[in-house]
Amino acid sequence: MKNTFGTNISVTLFGESHGECIGAVLDGFAPGVEVDEDFICTQLDKRRAVGLISTSRKESDNFKIVSGVFCGKTTGTPICIIINNENTHSKDYESTRFLARPGHADYTAYEKYHGFEDYRGGGHFSGRLTAPVVAAGAIAISALKKKSIHIGTHIKSLGGVLDREFEDLERDINALNEKTFAVLSDQKSEEMTQKILEAKESFDSVGGVLESAVIGMPAGVGEPWFDTVEGVLSHALFSIPAVKGVEFGCAFEKVNGAGSEYNDDFYMSHGVIKTKTNNNGGINGGITNGMPIVFKTAIKPTPSIYKKQNTVNFKEKTDEVLQIKGRHDPAVIHRARVVVDSVTALALCDLLATRFGVDYLGE
Amino acid sequence: MKNTFGTNISVTLFGESHGECIGAVLDGFAPGVEVDEDFICTQLDKRRAVGLISTSRKESDNFKIVSGVFCGKTTGTPICIIINNENTHSKDYESTRFLARPGHADYTAYEKYHGFEDYRGGGHFSGRLTAPVVAAGAIAISALKKKSIHIGTHIKSLGGVLDREFEDLERDINALNEKTFAVLSDQKSEEMTQKILEAKESFDSVGGVLESAVIGMPAGVGEPWFDTVEGVLSHALFSIPAVKGVEFGCAFEKVNGAGSEYNDDFYMSHGVIKTKTNNNGGINGGITNGMPIVFKTAIKPTPSIYKKQNTVNFKEKTDEVLQIKGRHDPAVIHRARVVVDSVTALALCDLLATRFGVDYLGE
Amino acid sequence: MKNTFGTNISVTLFGESHGECIGAVLDGFAPGVEVDEDFICTQLDKRRAVGLISTSRKESDNFKIVSGVFCGKTTGTPICIIINNENTHSKDYESTRFLARPGHADYTAYEKYHGFEDYRGGGHFSGRLTAPVVAAGAIAISALKKKSIHIGTHIKSLGGVLDREFEDLERDINALNEKTFAVLSDQKSEEMTQKILEAKESFDSVGGVLESAVIGMPAGVGEPWFDTVEGVLSHALFSIPAVKGVEFGCAFEKVNGAGSEYNDDFYMSHGVIKTKTNNNGGINGGITNGMPIVFKTAIKPTPSIYKKQNTVNFKEKTDEVLQIKGRHDPAVIHRARVVVDSVTALALCDLLATRFGVDYLGE
Amino acid sequence: MKNTFGTNISVTLFGESHGECIGAVLDGFAPGVEVDEDFICTQLDKRRAVGLISTSRKESDNFKIVSGVFCGKTTGTPICIIINNENTHSKDYESTRFLARPGHADYTAYEKYHGFEDYRGGGHFSGRLTAPVVAAGAIAISALKKKSIHIGTHIKSLGGVLDREFEDLERDINALNEKTFAVLSDQKSEEMTQKILEAKESFDSVGGVLESAVIGMPAGVGEPWFDTVEGVLSHALFSIPAVKGVEFGCAFEKVNGAGSEYNDDFYMSHGVIKTKTNNNGGINGGITNGMPIVFKTAIKPTPSIYKKQNTVNFKEKTDEVLQIKGRHDPAVIHRARVVVDSVTALALCDLLATRFGVDYLGE
């Protein structure tokens, strides 16, 4: 379905970058789940532009929950979260109305919406729309925590700099969730920041790979066809602008190897079934096996760069040269990370509600 | 939705590996589309086990279309395709009923279905279920061809052997679709075959990466949220057993680079808008841009290997050693390729019907 | 969605009246539910033509469950039920191919499917398609019974003859479910049979109203918007050919009266909340209140009558006179009754699975 | 799906009666459709309380379209419409928090949401939620008009007073759409108003039946199973609080008669296929036949009455006597009429988009 995702727990997105407001409707959520507005703020802060390495557009992201929460708890009816737009510089976009910014959706939007689209700031395609996703996701993340399900994401690589591997997942996830710039190794964090600043100075941008882990998911969730955990999560993840690849476990890295090395042997660990390795990323046959769900998402470099680019005027069908103005991020991967956590939480909540019923997350 | 995929054109799967039959219901397809049973056979042959490099289980894959086709053409009502199961060796599975084959869904199925699942030959999780997907996909592929939309997939890598890059897409796609073992370079084809035989001889298995290209898709198809082309395709692709990663364009390979290199500059080519590079894989903002859709899928090595493996008895909760018997493929990637083409075709047909209405593919 | 109904428990229909077979895929059903094939037969017998008052086309309705049931119990994966077609007289329909039978879907099918539809015996529109619905519904009815939820339907009126009111619902439902001709009063049963025979003798047909009751549904099931119990049930019920009206409780009969009479006062009955009257049919605000769900469906007279009728040739666009041949029922209401029970059971199972999770019906 | 209705064009509802605001997200609508805010006001006025015969709660219904409309036209992305709540008397509801108002959803909401529901003024169940439905519906109605599809509804009966039959549908629909109190006969209009005032004076309420007609729908829209036009429309209509019955054509009135009288004979009228009668309400086999779609909805008397009523405290499980305070309508049928038009328009737009593609309504 178009701007709605999820079967039993769904999120519907609306709004444009330079419209009056943007928002999300989170529906199907169990009644009685505490809504921690401070935590929502914390999550939105992670997504917001910070310091030198991000856009100079400052959005306060003051959200309002206008329905579905009563006396601090979810009611079970749709939760609408609204974030007003402020500090929009719509004029930045007027002069380049019909010039396709490479890597952006200007041209494809024009083909789809016949020129009626709100083109200012990317309109409905803007990464700004991820703010309400993060707000809705924060409610999902809180509910999962109550069930001892925890999600964490780090920047696995950025501009060629590699973070260290996950070690103690529980500790790593906790540490990451305290950080604004989610890198496990402090030294690598500095090197990555440096990479972003270099990109900025050269009017360019840089991307990388995020790696996420979910611990605490019960075994037996997901479907063999077609709502595999991989299918549902990837469907949600690819909605995030800039995500171009998703892999579970060690996919691209190890599939060329031998089955005997790829297979995860099972063993008993204090009465619990576990696997020695986790190349399958916690999923067998589309269904959780109780091991951590581990996956990577490829985040492309921000397409908005200040270098001159060759492009076309898609209305006049002429070749043109474009120099992008406005305020843009030299990298979005450090901001995308909380969006990945958020859609992951929303998708997992939906899978859990499908498996165990509406009340499961509220019990 | 569980065993149904698609919004306007949907496919519903049923059946188990050792049940009476397996099948698919293809619904929402335009009336008046010619159904070429020979082409369905050809596609099923590509999926079937061939020669030394595949399982010795021979299935004739005699399909029957029992509804939705009248006088050789689709009627517009549900098309049910049935394939009978033959040559099943159910006893192979009795002795290992509660032993989790590593990399397989035995244990997750048990958690989900509480032991009521038909465990024989993987039951509903079996790769055999891809046969009706291929049959349904063949109808979709035929309809797309009529619209000048062509899909081709090659084995990009297998056991570390790399095929050559795509060059002339139209010619390459045509060539691939004539081949049973879909490798562009004949020499690499031999090397890959050798890798499979080596895996077989060492009682092991091997995997790799498939690369697919779709040419002829009109621009403007797909949604910004959540039904991006990437999201819809990946959702379908991850349903294929063994798929563990999906990337569009050059995702994991290039995201660590600069935006100025990742962005695909637009230019006018004889009045048509094109991009010089295609790192975004033909999709901007979730919507087709008229360039070829290019993506890769990571196909893990067949989990069924003859080597001894450590595992558990998930009923008794004991550690065990398992030696798999039965008939299994040392690689499935060469067979998975036509399944990738099939689900791609089905997903694209759905996106086209959503965009242009039911009759589009039948006109 | 087109030929699929339901969110968490769904049924997908396929087949045409004179095709090779017809069938249904029941998906999302809990694992471990006993499948009683004798009961399926019993239900199919209720739907089948019987004696003088029905069509002379005899279908054995030999069904086969080809997937999703293992060792007599549901596996949790899709249950495909197939019924072969026999005894088809396709030639009856050749000469009148383009003549619209009044009250039938010939013309609308032609507009929708552009002439590619299988027109023989009504094709996919045939009432025969209700056979697999009844078979799937039998599984649902059995599962509901285990939860002490019972469904019964009687012919409230036929050709102007009125059955007595429901009295003791439990006893009445039990009695009805033993009957082939579901009328509470034996005398009214005879009068109704007489009405059908009169219609038959005058080459005409007759319809009436069915009244259904469901006891044992827990309170709190359904949604305020849009998946009200009324909305979901009516959606399913209107799929049954011949159903043209659905009302819950005393709708059309009493809505012109006073609120003070329509409202159902609540009271405590041995610790259980009940209502004195049940004008709202067990549903308040779209959600079950624990009282019996009561509703009526208007079943139009069989449109196939032997009297001459004025119509058009919709291909040639000419006025024509039609005399229907073939074998047809002078009434279908007594057969439709088990179809009403079946779709009701399927829709309620879906609502329960949404509310309480997949395993609810299997526990 | 819970608070979302529609496949290709969908509407998602949020909000509670005494929350900050209520609203709807209309998604999937074609780009380029003019949005006439004056017409939305006009429609909301029809729904609002007017004069003596309605509640004394005055809502200004000042709506704001915060997304999806740009330069006065739809963009093709989600249209979010927000209406602020004002003039709420929440204290009216405190003292009766756990008393089930007969005919209302207080008790069923409690069962479903475990007491976490916002109970003030009916919360999410409030008829007030129909305001955003009407606003969204106004956009749909405008788009349909451009396609020469017109919808009109009259109060067929109220408190036993019968309006005259539809005569010239085009003229009648036009006339009705100019009226606030939608009765064709002026004399009957006065009599009905009198009935409402009588109900008010006796601290009671009154209901009735609405009859709607849609002209201009093309033939060939809808599905045989399960998305029949009847099924889709009834699903939407039963969401309207107070709707307890839906019938198409002459269902309950005539089904006890003969098939020869119920069948609608076809004939050619200046090259167009029509039927002489329209007992089937413009739908054969679930699909439009090009004749007007005609249906009736039973609107129960407002459950909020000032008379003392017996009920229970559903928390304490005690018998109680309730005297409702607050401001309530002695009838809602004259207000429900525009809601019926609105959901009808939304459902038909969805069916048309499914049939003809996204752009159909924007062309």
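Going by the order they are written in, the chains are A, B, C and D; count residues from 1 in each one.
The rule we apply is simple: a contact is a pair of C-beta atoms (placed from the backbone, for glycine too) under 8 Å apart; a residue touches a chain by one contact, two chains touch by 3 or more.
In this text, all values refer to a predicted model and were calculated from it rather than measured experimentally.
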Q. Counting shared numbers against all numbers at the contact of chain B and chain C, is it over half, same, or under half, different?
A. same
Q) Of all the other chains, whose mean CA position lies farthest from chain B? A) D
Q.
Taking the mean of the C-alpha atoms as each chain's centre, how many Å separate chain B from chain D?
A. 45
(Q) Taking the mean of the C-alpha atoms as each chain's centre, how many Å separate chain B from chain C? (A) 38
Q. What whole-number Å value describes the gap between the mean CA coordinates of chain C and chain D?
A. 26
Q | For chain D, residues contacting two or more additional chains | A | 1-4, 7, 13, 77, 112, 124, 224, 359
Q. So that we know how the chains sit together, what is the shape of their touch graph: line, ring, star, complete or other?
A. complete
Q | Residues on chain A engaged by chain C in the complex (per definition of touch) | A | 7-8, 77, 224, 353-360
Q) For chain D, which residues are in contact with chain A within the complex? A) 1-4, 7, 10, 12-16, 19-23, 25, 27-28, 31-32, 64, 66-68, 70-71, 73-80, 82, 112-114, 116-118, 123-124, 359, 362
Q.
Give the list of chain D residues in touch with chain C in this complex.
A. 1-5, 7, 13, 100, 102-105, 107-109, 111-112, 124-125, 129, 157-160, 199, 202, 204-209, 218-228, 230-232, 234-239, 241, 243-252, 254-260, 262-268, 271, 273, 275-276, 279-281, 283-290, 296, 298-305, 307, 309-312, 314, 317-319
